[in-house]
Amino acid sequence: MELDLRLYSARTDLAIESKELAQGFGGNQPIPGVDEQVEESEGIKVTRLGVRSEEGAQRIGRTIGNYVTLEVPGLRGGDSGLQEKVSEVFAREFEAFMKRIGIGQGASVLIVGLGNWNVTPDSLGPLVVENALITRQFYELMPDQVSPGYRNVSAIAPGVLGLTGIESSEIVQGIVDRTKPDAIIAIDALASRSLERVNTTIQIADIGIHPGSGIGNKRRGLTKEVLGVPCIAIGVPTVCYASTIVGNVLEMMKNHFGGAEGRSKQIMGLLDSITEQERLALVKEVLEPLGHDLIVTPKEIDEFIEDIANVVATGLNAALHEAVDPGNAGAYTH
Amino acid sequence: MELDLRLYSARTDLAIESKELAQGFGGNQPIPGVDEQVEESEGIKVTRLGVRSEEGAQRIGRTIGNYVTLEVPGLRGGDSGLQEKVSEVFAREFEAFMKRIGIGQGASVLIVGLGNWNVTPDSLGPLVVENALITRQFYELMPDQVSPGYRNVSAIAPGVLGLTGIESSEIVQGIVDRTKPDAIIAIDALASRSLERVNTTIQIADIGIHPGSGIGNKRRGLTKEVLGVPCIAIGVPTVCYASTIVGNVLEMMKNHFGGAEGRSKQIMGLLDSITEQERLALVKEVLEPLGHDLIVTPKEIDEFIEDIANVVATGLNAALHEAVDPGNAGAYTH
Amino acid sequence: MELDLRLYSARTDLAIESKELAQGFGGNQPIPGVDEQVEESEGIKVTRLGVRSEEGAQRIGRTIGNYVTLEVPGLRGGDSGLQEKVSEVFAREFEAFMKRIGIGQGASVLIVGLGNWNVTPDSLGPLVVENALITRQFYELMPDQVSPGYRNVSAIAPGVLGLTGIESSEIVQGIVDRTKPDAIIAIDALASRSLERVNTTIQIADIGIHPGSGIGNKRRGLTKEVLGVPCIAIGVPTVCYASTIVGNVLEMMKNHFGGAEGRSKQIMGLLDSITEQERLALVKEVLEPLGHDLIVTPKEIDEFIEDIANVVATGLNAALHEAVDPGNAGAYTH
Amino acid sequence: MELDLRLYSARTDLAIESKELAQGFGGNQPIPGVDEQVEESEGIKVTRLGVRSEEGAQRIGRTIGNYVTLEVPGLRGGDSGLQEKVSEVFAREFEAFMKRIGIGQGASVLIVGLGNWNVTPDSLGPLVVENALITRQFYELMPDQVSPGYRNVSAIAPGVLGLTGIESSEIVQGIVDRTKPDAIIAIDALASRSLERVNTTIQIADIGIHPGSGIGNKRRGLTKEVLGVPCIAIGVPTVCYASTIVGNVLEMMKNHFGGAEGRSKQIMGLLDSITEQERLALVKEVLEPLGHDLIVTPKEIDEFIEDIANVVATGLNAALHEAVDPGNAGAYTH
């Protein structure tokens, strides 16, 4: 009885989607304890969301913290010019983000690429790690010879529980204990509730990674509480639950007929009056034959994931190392 | 007005789905000109469908011919015992299929692996080719030394138009002209209308490959008319259109509330009375924001495609070469 | 008795190595019927070799024709600036080469990527094909809408005999028969006799591909005689025979001690006097335990092959399409 | 003057090669402090070498410890029957090895796959990790439900310094600190001094991994002293230094002419009398043009490495888990 359709629709790791859900489909009123700033230019929409109070956190079902989201609907088009532009905007936003939460230019950083190398839509983290500009070895071996303009950066792709038998968070903690970075940047593939955000959206958040988020069911937590140092999470939705696609359709149906006249209005009045339980039964009926609720990804995921991993790695390299500017940052990625 | 919702639901390359659509959801009456034989054991359902007359062809929107479908819902579970069993059943059905349409034991065969190596859900064809037991070179170079029990088999993965600039069918025709095989076996990834059939279904058909089928939009035709020799198509659905998922939900809604009493019955009466146009508008409204109607595939596609390519290649090797039995056929695949 | 050590040393597909062998190690006298022009700048050495007469052909064991070789010892360093420069020089040389042998700007071209996708040092051809800018489909489907500055280019990676059962040359002939290109460009991985040329050298030749050349033992011929249109071969040595490494050492020993005084001179006099048969026995003794004479490739072949495939594809795109200049040509490769 | 040719020949990570070098080419006298037991059947030669004293260790340049080597010249032939047999022998030897050094059946194990995923000849470790049967997560989450016959096994592929900025040993130590395994099994690709041992030899040793060994120049140490628990190293030579190929030839030349009469004897007497310095100069002369001394691997490394990783993983799964026997162990690998 407490279960409702929203449970299904709510399978999202994106704060802006949680906020949208809280506002109701298409709604727009401000939510107490949540501030929002939107900027848009040249096909890139940047939303800076702050969850400031417990009330706000409860309303949208998100931890108190800062969330910056880049939405670029054109990103799936494979336009390398747009990709470069997104890298630049990402670099700028990420640099500002670090500054805002007090991570200075001299702070050493450990990049953690979560996810599974062998599962394409879950391979974002390892791919970004592979293209990150790593310097820690030089600081360790010949610290006086490192050129200015670089930062001490290390990286690890810890693998997934099923392949290692060890929680990613345990592996990362072990490494943090020994290498003492000043901050963690964790990259992960996410689930979105709408297909159109898949591979077109990048989220930056200062809340770390919470157990159960991400697409790989990884039961891992990477947070300041656990690790002792701040942890910024970078996430890109690469999958959707089939059930949330269904949920979206039902929401849209209500919306579609909402303002209608005559018979359609009549229909919607009735649809609206179906109990949550009835709607749940409906979704279940659709999902049951699927065995388990399938998680889907676009057919072109191989190319999409490579493109967006490149965008994130290029942006990250430019944001972390002063000597790397968005123009030449691409040279460091494969 | 002529457009109807069915157009969206009908995005399927599977004959059994076309038949289901023609019968109406859940319907079961026989269709004139279409005969059907179903056998099921140990989790494998085999449906032998024959489209015998023009009327039957029109009713279900399929070419006259023979269609054998294996449905194995458990196939996505990664159970290697079940996979072996499916290989065996596939080998048996395929052998019988060849016999039925007059391809004898001595007939030489060219296997054509359609699709794109670099797009995981479209890579079934090239993967099967890579695991097929190829012998033609021995028949060419030292024909008197080939052991009995083998057949003359060659293979090609012609690539896709975007990568080669040449239609697959042109490439295949060029090769057929020069190498004169007695029959073609074309492997292709397909689109299904239901997520649960993705990677759990194998279709064998003697109608070849028709332009526009398959998931890669390949505008290719590989048929007896074009090639001069019989062409058996082996297909596995590896993707779904997002729109057909939506279409499925609407069908299921009607079904769900169909037998209901009271208010629900009232709702469905109304839903039923929405014009096709209204329903189309509805689906469009859902799809428009996606840009183009997205084609989706399960998150675990990398593993699924490898498993099913292996099942098909193993079965094919056993069916084509008498000396290879289902027990040792796996040794020839990678 | 007729066998001599040279047989082992001579395992090379490079014309400049054949010429060096003919001149004797370190020799420099001109060879009748062979002209040579060398240019060197910024670490790139370009040698234009012309084999003009039957005598020249016999002397160096090469078909009459034009051979252009780029040698770039620094290419294995992974310097992306140098790679770009090599692409430019390659594009310029290739364009001039086409002009010289009468392939005009409007001539349509079929690129053939020989070799085996799954064997890294033999994957150069397929890799170049994958990064080539393909346009034929536009000329076929909407010829009036193709922008000026492009050429009709198609491509195929026919696979190897062991995987297809069909000679590459048969596949290519079948395609040529149907698509009627004006010229063929065949890309292949080669064997060199010196490790230092592996992955640092590119050869362009107008003699096509002769049976038995290339590293995959492919028994294929792609020549103007066979195909009816000119065939330019682009080759990069990616492997060496272990025996040629041994052969090189023996040559160098003679050389090293050649000018020596005293005991060393004495040694070399004697070494020199060993019969060919004795030397052959020596090499055999080294090779026998290896089972078959191993073909080796540098440990870093994965990266080298990707880099050089990129250099060739980028250069090729710029040379073939006027609208693509060396500056933006990289954007078309992956 | 102190430098000698042996320095070049000695680039080996295999104890049996060190021993051979110490005995002189073809020599056979026992070395004080080193015991040896050889067994050979069905194409598999097992050598159990014990370095028992400091004297023995110095003589052969190896740490005191136990070394078991499997040599299988036929392994490169791709015979899957032989591969299975080698897996079985490996499993049996490895089980006995663990017992001998006191690692009991209940001991939990961390498998460490050293090396670089992206460099084929260096990818043995990660490949074995990927095919290992991992169980630790079940012991952590539902310890009472794990079937008997299994052991607590976890695994990590820590990556290489250039990609992570962190020494493999630091990563492993961090993980050992947190997960407290009873023993470590480290898998690494090695360098051999003879091409014929590449991909045909497996070495098991209880001395861990010492800094500077392995092919990736990884400056890592994984030993009982460092980690606090025993560390068994499993290594397979996948590369050779070009210089050791050269060195081998010179050794063989001396050997070849050693027993000769007349002029050949004369030559060898002289060759023998070349000073070490002269010989060194000779090798240098060969190597200098190569830039840096190239490390080479067989052309077919992609297939070889996959085959041998499979052999090791299958054997390891059978050795570690009682419930897995050599017959079904393959089912757990990919």
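Quick notes
As written, the chains take the letters A, B, C and D, and residue 1 is the first residue of each chain.
The criterion applied here is as follows: a contact is a pair of C-beta atoms (placed from the backbone, for glycine too) under 8 Å apart; a residue touches a chain by one contact, two chains touch by 3 or more.
Source: prediction; values computed, not measured.
Between subunit A and subunit D, the least number of touch steps comes to 1. By the residue-number overlap criterion, the interface of subunit A with subunit B counts as same, with over half of its numbers used by both chains. Placing every chain at the mean of its C-alpha atoms, the farthest one from subunit A is found to be C.
Between subunit A and subunit B the centroid-to-centroid distance comes to 35 Å (mean Cα coordinates, whole Å).
Taking each chain's centre as the average of its CA atoms, subunit A and subunit C sit 47 Å apart. Annotation for subunit A: residues touching 2 or more other chains are 118.
Residues of subunit C touching subunit B in their complex: 117-118, 129-130, 134-137, 140, 153-159, 161-166, 170-171, 173-179.
For subunit D in complex with subunit C, the residues that touch the partner chain are 73, 76, 118-122, 194-196, 215, 239-240, 242, 245-246, 248-250, 252-253, 256, 263-264, 266-267, 270-271, 273-274, 278, 281-282, 285-286, 289-291, 294-303.
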